[in-house]
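Worksheet for the structure shown next.
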């Protein structure tokens, strides 16, 4: 085991520098002959439904990976794309009627919405985990239901502070403040110089949830405790709400209607100078840099940072996990497992991740050695996403209840209620507590 | 319409009189076969509705009495879902306190949305129909062009509206700034403030709904015989009187059908809200349909989502009853009296 | 009937001759309001067209370029739409699904409306009301139980999944609309035909339907457009890219994660609507002609 791991780490470093198609195909045939743990059923073919990529080069790399798998095993894999928001209804229907694509690649705790309908993939995850230095703790939480793995936590989308260096310097800060108080000061100063910050407070499942959970957790407020008892109504939560209100007031007006797409646009148009997002804004700016001088300037001037640490003194970050699950109705469970194994093998995984330009972060230790993390210092903040992130339930379990709380925007609405001045912190907490208690009822 | 009936009345009477002896037998034959005939003609529609609707409808209602989740049949829990949403009235009567405030907010939003949007759609639709009914050049082209908002797929026009109502790049804000209605640096918060967001989504709904209402009412207007107007002009009627006493009564049956459906479709609207606001800001634009989707599909609580859907039934039923027993039926009986 | 007409005559006032409009009057009562309404109705449409041909960077630039116009139109978005996606296939799918579902619905509705309005079998009124119940559970949740039926019947991911489910939302409305029109056709016409030995079927096809053409067109426009627009069923019952309909496929193809490719989305919406605009332009003309014809007969 350790021999293969070393060998692959060696080759992958080279592969990372240059993705050569022929090389990949040759290697994958060898892989199918020697390393493949599950032999696909005769005549197997698979359908995989995934969310629509953020960056074209990621999709290209992914399709290359899929083609290599087909070449090596003879299993056809049809890749279907749906926009981020549409994956869940499709998976829900498939789980409910027991028919549809064999694999779904979705967001957050998707597999925990219907754990009984997910294939048990413990053997794949144990194999990959032990081969590549172990899973990040959050990956284990997301992937496991009880003691068995119901999904492969393929990757994370790091949600980071995106900011313009020139703006924070103009506001009188030499670097991004690392604590919540300093961060608030920065936002106020940015407002003062007319280059405001702004984060999504609409029903935005990605960016919105990321920052509201950071605000809550960094102040030591939590929805539930270790035993899934609702503890949202607390002084810590109240502090978080007051803090969020202060932040909100310093931002550009209108963030209460923003969803995941608004901040990208606003940042590139220089309407906001600090926001939270994946690294896709940077990627978009860089892509257009050749034809547009302003984009080149933005790409040059922007950077990413970790979320500030608050009174709870621990990182309170919430990165999006992308779990891949096999449906229990598939007639080809071994082919599914073989594909999962293939996809997570470092020599396939690394070039693909590189294509994603750092908006996918690895879930296992071996990924720390990926060469592309050294390529661009502005992307380094995305590297430890799997280790810095908390999971959907934070202290509590990641299960269908945590998934429901997230889908129902309980925390987000609580903050939005206070920020927009519709309710007092007490009232908002009470409401959230009531709703959470219902979801977490025995 | 009335005129058609009348002129045909005469023609019919003439012919009926001519063939009076055969009439009885034909009619009695018809009487005996009537129920069977009716069944044959109903068959295609009946098959569709039973095969594709009866079961899901029944299942939907059943789900609302269970704690079903995605991919897992639930157990019967009686009225628990309803007690949670609407409130357990053994605990008091302040439903906004004992029930789910978000649910009640969505009920309020839905009613507001339906009433305001339908009323305005009706007003503008009727007005536009009256305008289009006048003689003008390029009549056909103008009439077809008016239908455009109805033709563009809702989800795509909603995306366009989303862009128009953007906080930072709204073309509306820009135009208001250009004409000096608002300050140069002021950004209208179209979808970010509760009141504004409600107005914005209602506007988008009206925009989409007016053309079909206008065109259908226009079709109705075409049937009003010009001779009636001519007669009333000779009698010295004002324009308002002509509308009130000729146009409006003759149009009532079509108005009833169109408005009933407009109300039903507005009440169950989903796409527009889902694209524009997802029910935000802070649930102030959440409709019952969007809330049920959020709870059932995104949150996985099928039972509760189904209960929200089922809670829409009484409202829809009321709208149907109103149309059926109020407007529609009265008019039809009226028409039947003519036969 | 117009029992109200005499009362209109009784309320005689001196302004009766207002009916003869002066040109100025006509501008104020007709053209100004009509133009205002048209502008409001068409502005979003104009905005979509403009977005479809604007270069990307002008979209979020309200200062250096004029947002209501572009001097450097690009056909990039339209080219991407037409040649780099399966757009023609999606358009064809949408057309054929909408056509199939509409024709099925109209056939079913004509039968049902005729039976309820004209044959008047026992319980017809009751059934007329009951048909409405189809709208009681909205599609936003109905699609989950409906999906199991689709799978049971083996229709999943085929065009028939949509062709056969859309009528459930179309039949009630068209039935009601047609009932209204059938009622306006005098009974005597039918009686005569019955006496002359015509069957019910002949009466329906030879007498009633030709007279109800405006109603049929109205119902057609409604049904076709609703199919054209439908999103949730089309999203959940179809999974292969080559079977998708325009609205679903456009949204999927032109959103990259959290970035919308506005130009192509709008181009897709517009080019997809073009055939309908032409079709309806023809229909609406016919609509009016048919109406006048019905009155004359």
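Going by the order they are written in, the chains are A, B and C; count residues from 1 in each one.
Throughout what follows, a residue touches a chain if its C-beta (ideal position, glycine included) is under 8 Å from a C-beta of that chain, and two chains touch if they have at least 3 such contacts.
This is a predicted model, so every value here is computed, not measured.
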item	value
Category of the chain touch graph - line, ring, star, complete, other	complete
Far-end chain from chain C, centres as C-alpha averages	A
Chain centre separation in whole Å, for chain C relative to chain A (CA means)	41
Gap in Å, rounded to a whole number, between the CA centres of chain C and chain B	14
Of all residues in chain C, the ones touching two or more other chains	60, 144, 232, 251, 260
Per-residue multi-chain contacts in chain B, two or more chains	169, 297, 302
In chain A, residues with contacts to at least two other chains	89, 92, 96, 265, 269
Partner chain A, residues of chain B touching it in the complex	69-72, 84, 100-102, 165-169, 187, 189-194, 197, 277-283, 294-295, 297-302
Chain B partner contacts - residues on chain A that touch it in the complex	88-89, 92, 95-96, 113-114, 116-117, 201-204, 252-259, 262, 265-266, 269, 271, 400, 403-404, 407-408, 413, 416-417, 420, 422, 431, 434-435, 438-439
Chain A contact footprint on chain C (complex, rising order)	56-57, 60-61, 143-144, 147-148, 150-151, 156, 232, 235-236, 239-241, 251-253, 255-260
Complex contacts: residues of chain C adjacent to chain B	1-2, 4-5, 7-9, 11-16, 18-19, 30, 33-34, 37-38, 40-42, 44-45, 47-48, 51, 59-60, 62, 67-68, 104-105, 107-109, 111-112, 114-116, 119-122, 124, 127, 129, 131-142, 144-146, 149, 164-165, 167-168, 171, 173, 175-177, 180, 183-189, 191-192, 194-196, 200, 214-215, 217-218, 221-222, 225, 228-229, 231-232, 246-247, 250-251, 260, 262, 265-266, 268-270, 272-273, 276-277, 280-281, 284-285, 287-288, 291-292, 294-295, 297
Residue ranges of chain A in contact with chain C within the complex	47, 49, 51-56, 78, 80-84, 86, 89-90, 92-93, 96-101, 206-207, 260-261, 264-265, 268-269, 277-278, 280, 284, 288, 292, 294-295, 359
